[in-house]
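The following pair of complexes shares a single chain, chain A, combined with chain B in the former and chain C in the latter.
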Partner chain A sequence: MKDIMNRHLNLLFTAAGNLIRNRGRSLVVVLCLIAVLFPFISAIAISEGIKFQSLISVEEGADIYVTLDHYGSNAPISLQHLERFQKMEGVVKVFPRVIGRTYFADRLATIVGIPAEEISRSIRLVQGKMFREKGEVMIGKALAKVVHLQTGVGFTLSPNPSKVFRVSGMFDSDMTIWSSNLILMTFEDASEFFQMRGMATDILIYTRPGHAQRLAREIMGASSYRDSSEPPLRVQDKSLVKRYFQRGFNYKAGVFTALFTVAFALAIPALLVISGFGQAERKKEIGVLKATGWQTQEVMEMVALENLIIGFTSAPLAILSAMVWMKWLNGAFIAQFFIAEIGLMASFPVPSRFLPLPSFFAFLFAIVLTMIGGLYPTWKTATVPPAEAMR
Partner chain B sequence: MGRKIRFYLFFLIVLVALTVSMIAWDQYTWKNLRSDQMVAFQTMVGGVGMGAISTPIWNFINFDPRIQPIDDSTLWPIPGGYSYGPDRTATVSYFEEIPTNQFSPSPPPSPPRGEEKGEGK
Partner chain C sequence: MRDPIIRTEKVDKFYYSGRPEEVRALSQINLEISKNQFALIRGPSGSGKTTLLNLISTVDRPTRGRILLLEQDLSKYSDAELSRIRQKRIGLIFQNFNLLSRLPAWENVSFPLLPLGVTEGERRRRSLEILVRLGLEKRVNHFPEQMSGGEQQRVAIARALINDPEIIMADEPTSNIDAESIGTLLDTFRDLKRKGKTIIVSSHDPIFLDYCDGTFFLKDGNLVESI
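For the complex of A and B:
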């Protein structure tokens, strides 16, 4: 038993020695593996980070969102519906909301208008205070940076230049990725700004647990038989929103992983086969080993151990460099490939989450694929007579 | 066993241990993340933002499908054409409209009580 253990250990030491002796070849393979694994790990980490924030958005959002249905798309809804929804059994809270977009200097901003009573006092601000008066707004720190806005400064926006706003405070940019370019104001101010008085983008309904689906059905049912010239209502409940979430992230992440696996699977053997880097030398080495009495099985084990060591060197290095890039350099230059429209340097902390499973896959990819690329040529060389291999 | 080999294998063990600890640390920090600000913000606004994009450029579906579940960039200029929104190429999230059955065989089911025209008036 001890002999067998010693034999395997000796093969491991020989494999490590081979890698050190052929350090040029080992370095190229390790660097190639890091270059291939790094974007994979970064993409999955960003995906998981955004997923975490997105889940909070879904969970903390309303139970039912009601809009009008104009030609199959969501459309603004009249505030006249509020009273009817409030009276429904199982409804806890109802409020209207305005969500729109406008350009703020050259940056696209999201405008959110909510009733003043919904304003939370527990929101942490980097500057100023929560708005209290008409015309006061809160803006994201990233947006404020664009035009060096300070609290107390007034501004207008071209869609409605008669509406004057004043910055009362700024959000912390690490709240969510969606709050960095956001302008928050009261519902009334937003309605005035978009000149859509008496209308809301959507009406949010909060229900008692277990009532949401029934209420959604009731609202839809009542809408179908309403004697009104108004278009039908469009109702989205939390279960539908959760389905958006699940499909939106899992589908894309799955496709990305599948494509990446294929690209990776093709890249490594192609690299080894096409470059033929160090293959002639390797052939001679195997020939010498066979001539000095090594069995094919032992040669194969040694090469497998070499690949294992390469995998265990490159995967951790790729994970650590991705972590450093994401956490300390805020995903500079590469985050823009995974989060659209953020530029070279994100103006908010790029969320990244390094889960054990993708890291395990990184190890697995590195090991399995280098094995595929390395074992077959070795076996081919090891099964020919030593004299031929050394020639 | 040479010194270099010993050093390399030791380096490998340290590297793997460091990676495992960093992943564990990341897990721990995310679990204990002060997400109270995110929760407070999302509760206040009723849930805004879902996708891997910080502004609703081109269309709203990438930003938040609750606001507009339709990719209206496919409706113009050629109806049914490919998506003109460049952010549809975002790598980590992709929202699409969830089909709902809007078909019902004739005659339609009877309306809920009290909703018929004129009833209760």
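For the complex of A and C:
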């Protein structure tokens, strides 16, 4: 038993020794693995970060969102519905909202028209004051920095240049993406800007706990008996919105993973070539080991241990690189895949979350890659007569 | 004839078998080597000496025929069993030494002990003992490229002896060393024979004729003379 234990330990130390002795090759393989793995880890971390922030904002948001259903898409809804919703049993409050997007100095900005008192708790005023008067807006800190806006400065926006806005204050948010592209203003200003007076892009309904699903059903039910000249209502409760978000991010992460898998598949032959550096010498070495009494399984175990060490070194380094990339380079080149219009370098802290499962996959990928690159050529060499391997 | 330790029966070895470029390296080889014999396989270059040594040392397999080690047919042994035979019964000294360039002398000597679970301290002790016996006490931590041909060969001999095998096989052992080293080599072989080991040497060098007690002469892959 002690001999068996010693045998495995001997093979482990020999494997480690081999990697140190061939440090150039080991370093190249580790660097290649890091290069392959860290974009994947970074991307998944960004995706998870955005998903997390988005879900918090959904959680903080209304219980029911009502719009018109125009051939399956959201369409503006008349403010006439407000009174009816307010009177429904279980409703706490109802208010309209206008959300739209426009280009602001070549950047896509999101305009939200909402009563000032209904702004999310996640938004913190960092400069100036809340918008109150007509034409006043509050702008995200990161967006303000990019478009060089200061408190008190006036500006216009392209689709409706006749309307002049003035920055009343700047905000920051735990939802870092918000500060990058959000312009907050009164509901009236937003509906005027988008020329949709008397309409809202959606009506937000807050309910008493446990009433949301019933109310959503009642609103939907009532909608089916209405005048057929108006499109039906589209009612989405919090759980549905959450599902949309999750599905959207999972889809993006899925697309990225698919692209990554292609890159991963391309990396395998590359790694085979890299791990094949010095293969002639390795072949001879394996022949000598076999000729002096090593069994094929012992040679394989030693090479597998070498690959395990490489994998267990590369994966944490790849995770560390991804963390550094996120912290110091703010997810450059990768974040733009998940967040539209941010360019190579985001102007706000790109959200990221490093979860255990992607890290586990990083380990798995690293080990699978090195094993494929190392074990097959070794097995091929170790199973021929040693004289042939040494030739 | 004393107890045979190795016996070959109608052994053929062809390379690229069945192809136009087929090479018949050995043909119908029948020989017998007994325990504690010093056997010399002679012949000109390309006569098949190395091929025959590779076959009887189990590092290669014959195309046809049987090789018996202590009357056990080696063709029936698995790859793992042949490895164990090489580990415990056979010590091999290659013509070009086949030392691992990245290992110092003592590790080159001791790596056959790794799969046996021998601890590092014990491996070092045993390899040092043999290296000192072979006059290499100052070369223990030297790498192959830092040693002369004769010294490298002594390291290769030490590796062959580390497991105290019954049979020691050497392929052209005098081809890459100087006259002084040849003297040391012959002394070592004489000493090993005195200890009851079987020694099989393939060489075209007549120097071994005075030491061997069995000669096999190969020509063009055929065994033409056994004495």
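Following the convention adopted for this analysis, the second predicted complex is superposed on the first by the 343 of 391 C-alpha atoms of A that agree within 3 Å, B and C clash if a C-alpha of one lies under 4 Å from a C-alpha of the other, contacts with A are read in each partner's own complex, and residues count from 1 in each chain.
Everything below uses one rule, namely that a contact is a pair of C-beta atoms (placed from the backbone, for glycine too) under 8 Å apart; a residue touches a chain by one contact, two chains touch by 3 or more.
Quick caveat, the model's predicted, so the values are computed rather than measured.
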First, second, both or neither for A:305, with chain B first and chain C second: neither
First (chain B), second (chain C), both or neither touched by A:53: first
First, second, both or neither for A:68, with chain B first and chain C second: neither
Winner by number of chain A residues touched, once chain B and chain C are compared: B
Touched partner set for A:320, first chain B, second chain C, both or neither: first
Which of chain B and chain C A:144 touches, first, second, both or neither: neither
First (chain B), second (chain C), both or neither touched by A:296: second
Set of chain A residues, in rising order, touched by both chain B and chain C: 13
For the chain A and chain B complex, residues of the former touching the latter: 12-13, 16-17, 19-20, 43, 46-47, 50, 52-54, 56-62, 65, 72-74, 95, 97, 99, 101, 107-110, 112, 114, 118-120, 122-124, 142, 171-172, 174-182, 184, 201-202, 204, 218, 221-222, 224-227, 236, 240-241, 243-245, 247-249, 251-253, 256, 309, 312-313, 315-317, 319-320, 323, 337-342, 348, 353-356, 359
Residue ranges of chain C touching chain A (in the complex, touch as defined): 54, 57, 59-61, 79-80, 83-84, 86-88, 92, 94, 98, 100-103, 111-112, 114-120, 159, 163
In the complex with chain C, residue positions of chain A that touch it: 2-7, 10-11, 13-14, 18, 21-22, 281, 284-285, 287-298, 383, 385-388, 390
Residues of chain B that touch chain A when the two form their complex: 1-2, 4-5, 8-9, 12, 15-16, 18-19, 22-23, 26-27, 30, 35-57, 62-70, 72, 86-87, 89-96, 98, 108, 111-112, 115-117
